[in-house]
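Below are structures written as structure tokens.
Below are two complexes that have chain A in common, paired first with chain B and then with chain C.
Moving on to the complex of A and B:
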């Protein structure tokens, strides 16, 4: 049966799709070209025309930022907040899921539902009280505050993903290890947690990208503070750069480079994570 | 999911222990759940309930106490022109976004499924915009739709110079320009939901239909689309929520303007609640958004699930 063989029709389809992908990526072409053009050329030449010389200085100027904050400073903030949130989501998410699935049936199901329903509850309504409470505790612009905020908001997702996975691993190993004299906590860290590695990877890439790209929360909590993250920094930079597109584009490239690089290496993991991880 | 290899020496050694002694592990102390539970409950239940309460007050964020004003904020919301536009824009955008992202995503998935040689590369290319910051990538589009930008340049080049306009500064077109950027960002996600769904369809089913003489269209309608119903449920429900609470792209492209032509519920939550220090009024917007998301997505899931069952 040759139904799914490669025919000239398939070839046409492939060409059409390649053309569509090229159109999809045209914005990135403008982005790279624009970032490398001398600032005077952006408006005087066509957007698709290559730069007359490569103006790398756009990047150093973008890196320097405005208002006393370098882009590097914001990248560091984004990095600390993202990594911190992901670590909390992995540590607390995995242990919560493990404890939930090792409770008597009714209690376990009840606890699971409390987490799972949290995925559905939209968080916008809770942001104002959270802001007020964190302001009172003086952690509204701190790393700790932002990490707790992101980790708390994504905890239902993490617990949901971990619980689904924990249920598939047999209890024999942990029980044997426990009998072997390892305490409960040691049993968890040495025997159970390593078995969770595949789902840990999914939780990490999924929540990592979500936290890194978040703008709504970070704008509300961090705008104007010295802990401002990349999205907040770009938003305020662009306000000052007006229509200096070369500078804006250089800033955009520097800010999306970390995730783009990450995507090059972990695209399968990311696509699978977003496709299988988000749906409930 | 992982299979723990049951046949390794370590596993055999571990499993040697009699079942009776292993029973002792049954109880993992429930307190292990407390840190995670506390965080999740504080942010998803306590804070949301408190936010619901603020929506009925006139608190400005500074005064010591908030005054209960009943439905006052909601009455103002109905009277206020900007608020009404924001509500309407969120609904319009969400509806158009759900349709456009899913139609394009489905078309891409059907195109990429099975035989195409470069499908892995193409899948990565279409999905990429979704993992990149919506805010950062939206600035590229602001340039593209600028009056002197490449989009108008292209229109001029193909003889449609009369269509040139300041796309993001035009009260009628700005909202739909925002939509284009949203769809560009998210069509790849819809595509990957449908690709995952397509992989679940047994090849024999499709082949059997073809052998029976079913045309491509008939096979699509009678075999493929019904089998994709679960993927559609997820994709549509998720796009609805994303569409209703769109924020980043709007802030980067238009900041809600021109006038209030692209204000949405989320931009109003931010502007009223934080920029204008009207916490109570901002919370009222958030409550409307929350109720909309809850009602629409629950109805959708119930309807789509019922459709799934019928197919």
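Moving on to the complex of A and C:
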């Protein structure tokens, strides 16, 4: 096999695609060399120039964090808020989508449109009343508050994705379960939900990345609190008069590692979720 | 186990589409009832109404002592085998079979014991850990059966369970299902569009058309004395030969005038068939099964003869099917056309175009060693006792 598995056509095609893919590595290049540069070189040399020596200490400094909270602490906060939000999005999104797609056509389409609207309307418009409401409920800096907020804002996306998938599942499975003596809940948990695994992976990754990377909401609600997340922690390196880019880059590398690992594991399910359908 | 009764049962969808109309049928305890008919005749809807998957909008359905109209599927104690089996793809064979017990919260050891028992019965023991997608069509079919059996339900409902199998396996499974049903003695309703399946499996058959029950009875009753032209054309393979003829009496002897030729009926024929006697001078539809159109060269001399040209000879081993150009006009009423259309749309069109032609294609059954040459003019003997008569307007049998 080896090289001989290529024809000229496939070889050229693969070369072109690799070259195209390389474009996506350029920011990574800047990220990595920026993270390894001594702080003195960040402003004095060109951004693309390799560092004169590797400043590994940037990583330990980044890990130590700011404001008395380590990066580990912020990572834990990000993790709890992300996982919590994703679990709520999966649990409520899947069951809502199931209910919507099994309604009579008119009602189902109507409900579907209501959720679709939620994707379109910019949530930033309602951020002040939301903040005030959460403040009164004393949940504006808590895990629960952030999980509710993220889950609520991303629910339309979750329902939208699930509904499209549920519609491709033949009703026969549910009907078989009903005749087999299962109630609605058992039918959903044992028969329907397992069939939604591919789209569940898609929802988990898409919403997980959004929550993990969210800066706007987390800055507004969590800045300065002990529950601050990674993006907020990164922002704390941005000062009024000076910005420590080496530490920011080092923190970014440390914080994208977990999500990259998750993506690698869930990749296959993710693609299946996008392409739709189930294997019978 | 229980009886199932349809009392004026009907189904009208919200958009006004009528799927089943005023269905009245009693199915005895342990009986194997087959619903048969062309696609869209309402047979599957009637089955789904029994299962609780379709609302009963008119009349009632009773299972045993209970009126089930308002009961959920899970409360009706029925088990169903679906056309595409609907095996849960994410579960192993064992979990699929055990699912109904799980729904009933049967304890795990008991569940396992019964799964093994059913697996032995259906020869699935070695496949219990596999997923449905790794099984052959026949094995999937058996898993679906297993899932239905394990419940020990009052009624089995089967929706064309063999239609996804190849012809050979279908014949094999046909026998297996019928034998299993006899052994277990569970009341069964079996839906199929294949009349051969219906004839071979059912203790009784209900023929449906456009949501209306046409006739129900034992297979041979339907075959021998169809209640109308639709049943006559639908049941039997090859179907009943149908043609038009005028009923006349010549010098006291009844006869069927076919155009240039006649079929002379024996004396006393009309006296034994009072309703037919009233049709003298009228045109009627006449039906005769292929086995009662015989080789004129060897048939008993008292049977009347008709000359017909041979078009095609099919040698089937135990018999020869001789297709002839029968010298009578075809019956092209809507009843007949619908059945033909279900099999072959083009043929239905050509049949309605040829409605006024003086000949019709008919099939006769000859002995396997009969010498027949294509295109020869041959004498065909007709067994008068086995002629069936139908009203051309209503399609109903004339007794």
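Operating definition for what follows: the second predicted complex is superposed on the first by the 202 of 280 C-alpha atoms of A that agree within 3 Å, B and C clash if a C-alpha of one lies under 4 Å from a C-alpha of the other, contacts with A are read in each partner's own complex, and residues count from 1 in each chain.
Rule of thumb we're sticking to: a contact is a pair of C-beta atoms (placed from the backbone, for glycine too) under 8 Å apart; a residue touches a chain by one contact, two chains touch by 3 or more.
Note that the coordinates shown come from a computational prediction; the quantities given were computed from them, not determined experimentally.
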**Request:** In the overlay, answer first, second, both or neither for which of chain B and chain C A:103 touches.
**Result:** first
**Request:** Go through the superposed model and pick first if A:211 touches only chain B, second if only chain C, both, or neither.
**Result:** neither
**chain B versus chain C as contact partner of A:170, first or second or both or neither** = both
**Request:** Would you check which partner chain A:194 touches, where first means chain B only, second means chain C only, and both and neither mean what they say?
**Result:** second
**Touched partner set for A:36, first chain B, second chain C, both or neither** = neither
**Prompt:** Given the touch rule stated above, what does A:179 touch, chain B (first), chain C (second), both, or neither?
**Reply:** both
**Item:** chain B versus chain C, judged by how many residues of chain A each one touches
**Value:** B
**Fill in**
Overlap of chain B and chain C contacts on chain A, residues 170, 172-173, 175-180, 195, 278-279
**Asked** In their shared complex, at which residues does chain A touch chain B?
**Response** 1, 3-6, 10, 13-14, 16-18, 20-21, 24-25, 27-28, 30-31, 34, 43, 46-48, 92-93, 95-96, 98-100, 102-103, 107, 111, 114-115, 117-118, 120-133, 148-149, 151-153, 155-156, 159, 165, 168-180, 184, 187, 195, 198, 209, 212-213, 215-216, 219-220, 230-231, 234-235, 238, 243, 245, 248-249, 252, 255-256, 259-260, 263, 267, 270-271, 274-276, 278-279
**Request:** Show which residues of chain C lie in contact with chain A when the two form their complex.
**Result:** 51-53, 72-74, 78-80, 82, 84, 86-91, 99-100, 102-104, 132-133, 147, 151, 157
**Asked** Quick one: in the complex, what on chain B touches chain A?
**Response** 1-2, 4, 11, 14-17, 21-30, 32-33, 35-37, 39-48, 50-52, 54-55, 61, 108, 111-112, 114-118, 122-137, 139-141, 143-144, 146, 148-150, 153, 184, 189, 192-193, 195-196, 203, 206-207, 210-211, 234, 238, 241, 245, 247-248, 251-252, 266, 269-270, 273-274, 279, 282-283, 286-287, 289-290, 293-294, 297
**Request:** State the interface residues of chain A toward chain C in the complex, per the touch definition above.
**Result:** 170, 172-173, 175-183, 186, 190-191, 194-195, 197, 278-280
